[in-house]
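Below, subunit A partners subunit B and then partners subunit C, in two separate complexes.
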Partner chain A sequence: MNRSSGWVHEAFAVFAKDWLLELRTRVALGAVVLFAVTSVVASGFALAPPSGVPAEVKTALLWVVVFFAAVAGLSRVFVVEEETRTADSLRLAVSPTGVFVGKLLFNAVLMWGLCLVTVPLYLLLLEVPVRSASLFVTVVVLGSTALACATTAVGAIVAKATTRGALFGVLSFPVALPPLLVAIHGTKAAWLSGGAWRVATGDLQVLVGFILVIVPASLLVFEHIWSE
Partner chain B sequence: MNWQIELRRISKVFDERVVLRDISATVTAPGAWTILGPNGSGKSTLLRIIAGLLTPTEGEVLYLYNGERLTAHQRRQSVGMVAPDIALYRPLTALENLRFFARARGLPVRDSDLLRWLERVQLRSRAHDPVASFSTGMVQRLKLLTALVHRPSVLLLDEPGSNLDEAGMEFIRETVREQAQHGIVIIATNDTRELGYGEPLVRLGA
Partner chain C sequence: MNTTGKILTGIWIAGVTVAAFLWLPPAQGFRSPEAARIVVFHVPCAVLTFVAFLVNAVYSWLYLRSRHPLTDAKANAAAELGMLFAVLATVTGSLFAMEQWGSAWNWDPRETSIVMLMLVYAAYFVLRGAVEEKSKRARLSAAYALLAFPAMVFLIWILPRIVESLHPTNTLFSRSGLDPSYRITLWSFFAGLLAVFVWMFRLRLRVELAEARLRQQHHHDAVAEVTLAGETR
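So, the complex of A and B:
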């Protein structure tokens, strides 16, 4: 049989396998969607009438919901391989780069799906007037991608630890905080500002920069973490 | 083809417990070898080090092809391994497991080919059942297929006969015989039925 080489096909094989597993078990989907929808609906009722709530609070609340929903589901992609003793099967067949990129793709798609469900529901329940829809979509896509990168990187680091839950919280705080703060600022610009793109240019640059830095840095350390 | 694996002064220490001390050996294809020793003597640890799943505390394992040292990627493409603590994806079917491991290794697979492979271990009729519904013997046979799907030059087997019936044992014997004709097989065992599969390579104490 002919054989193609390189980590790209490995990453897509891992990505496809993880989605197949997720559709069978619905572990991450269940945790993420349940947390996000419950939080948004609870916020909608708690903050009624929403017109009296400052936009700053609404932007922060949206990203807090997205972040904690991500933490509930995305941290498990590596842990589940260790718990089910399939990690060694992966190590034997797939390069560390292929594993990491495949898992990152899975988490990114899960985050985008989460935002697709959560954000419209949030806008509807909290009556948010978006002045620049194009900027808002850009911030959501970049912000959710940055959070997926951060949680995947931390998830990989803590997968073998015995106190994973506590460690994930401690490590994800400093890693996820910068993109979270920037995404909140960019979202506020999209909702409130007249010259929104000009105001949010710096935020978008930071989000893109964060993604471009954390992915190669994670790949560099992941090989050592994953090997033993 | 000239495959060679060199174990150079391998030692492994977990915390303060010495599991392996100064193991050296060389195997050259074609052939089959056994790592012998009682439970807890370090057979599985040594096999995991040879597979690249564990890093030795001291020493190194060299994979050579025509005298050239293999890269980590080339080694991954050349090794297949079956061990009790290496699991398959239980929610996925037998065919999906086989398809994943073939695709992950870059093989352009067709389901018809994979179904023929499953036929070899009498799992064709269970191809679309989740692995979670399989007996331990059936899982062991499927593990063997996933280790062989990329036709590895080096096959590492850790107690391969565990949980297998006579038909399963015959498949192991046949696989070892075939593999030993063109590549390398290393078997870690203390099962008397498997002692004759190859030449003793290392005999470990308790």
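So, the complex of A and C:
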């Protein structure tokens, strides 16, 4: 097997291992989904019509819910390795690239699952009229992927720190902010404007560009975070 | 920086400040042309914030390659100075925004991005506080700085060009953007401020080295005390 297909193989092995463990314990899944559902229900209770809250507020609120739900669960994938003291054996068995890509895939799938639960529930409870469903789905998929890409390496940093508590949220926010702002902007276009694809072209470009920049940057520094 | 350098920097900055009020003509086309002079001080602070952030990223990268403690100290010093200049840029910007746009804060993309830049620095300092072990702290904070860097490039250079901004774009380097007298004064002040930056940067490193020496001294004393106690027993 040559080197390039080596890390792809490793990444899928790490991905499969992490999901197997996750489905046994359901810690990250439980934290993320429960956080999201609780906050959606709470906002639905307060903001559903006839409260008269403008749709702009609801776009921001949706992404705030998604972001903080992500913060509740996305660092788990690295923290669990340190807690169960399996990080060293993983370091021996798999290349850093394989570990990072595997964990990134895990987080991306976790984010998609989170959005799959949260977004329909949110639309239902808050009664948002979506004008361009295709654009909205695209923004949600790209936005959640970008959030996973932005925060995976931060999760690795946090797992190494002595006091983990609120650190992940504090460190993730600045890195995740550009995709978050752009996703809010794009969501607003999908919900409110006619000819939404034209309005949101720049947003989609920025989201894709962000993913293409932050993943190589993360790969570049990950080796230094991961190796002792 | 030697004494001559310090004196020259002082004279230079004082001179540019006087020129900004006496020689520089009021900027027509603004709501209060006299107040627009603050641009000459505000823009260099903002540019220097970005320069400090760049210096921080470069030293972070060098640290990951060399693992030299002093390189980590340099990255940290750059971040601290970046925070200082970010505050200065925000305060001077808010003052002018109050005059020009009628409110100190408008959520203009550039205002948003400097707040975010300060958040990154703050997160960087929180991370440094959260890790006890020195080499690990240096390693993790360097990695974080390099992760935050592309995100900030997005916020500072791309976002203001997508979302509508109250700030003008492309004025600093293009010929048509600024009146020549403004451009000369602005960049002269920047040069002075850059000298202050270098001076403070080196002072900060000297403090760091002095602290390291003190710790070492303390350690030696402690060892000597223990040995002495062992011998007298």
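The rule we apply is simple: the second predicted complex is superposed on the first by the 219 of 228 C-alpha atoms of A that agree within 3 Å, B and C clash if a C-alpha of one lies under 4 Å from a C-alpha of the other, contacts with A are read in each partner's own complex, and residues count from 1 in each chain.
Heads up, the rule we're going with is that a contact is a pair of C-beta atoms (placed from the backbone, for glycine too) under 8 Å apart; a residue touches a chain by one contact, two chains touch by 3 or more.
Source: prediction; values computed, not measured.
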Quick check on the superposed pair: does A:221 touch subunit B, subunit C, both, or neither? Answer first, second, both or neither. second
If you stack the two complexes on chain A, which partner ends up touching A:212: first (subunit B), second (subunit C), both, or neither? neither
Which partner does A:173 contact after superposing on A: first (subunit B), second (subunit C), both, neither? second
Just checking: does A:57 make contact with subunit B only, subunit C only, both, or neither of them? Give me first, second, both or neither. neither
Between subunit B and subunit C, whom does A:154 touch in the aligned arrangement: first, second, both, or neither? second
Would you sort A:41 into first (subunit B), second (subunit C), both or neither based on which partner it touches? neither
Along subunit A, where are the residues that touch subunit C in the complex? 150, 153-154, 157, 160-163, 167, 170-171, 173-178, 181-182, 185, 202-203, 206, 209-210, 213-214, 217-218, 220-222, 224-225
Hey, which residues of subunit A end up touching subunit B in the complex? 1-6, 9-10, 13-14, 16-17, 20-21, 24-25, 84-86, 88-95, 98, 227-228
Going by the contact rule set out above, which residues of subunit B touch subunit A in the complex? 51-55, 72-73, 76-77, 79-81, 83, 85-92, 96, 100-101, 103-109, 130, 146, 150-151
Please name which positions on subunit C make contact with subunit A in the complex. 64, 112, 116, 119-120, 122-123, 126-127, 130-132, 136, 139-140, 142-144, 146-155, 158-159, 162-163
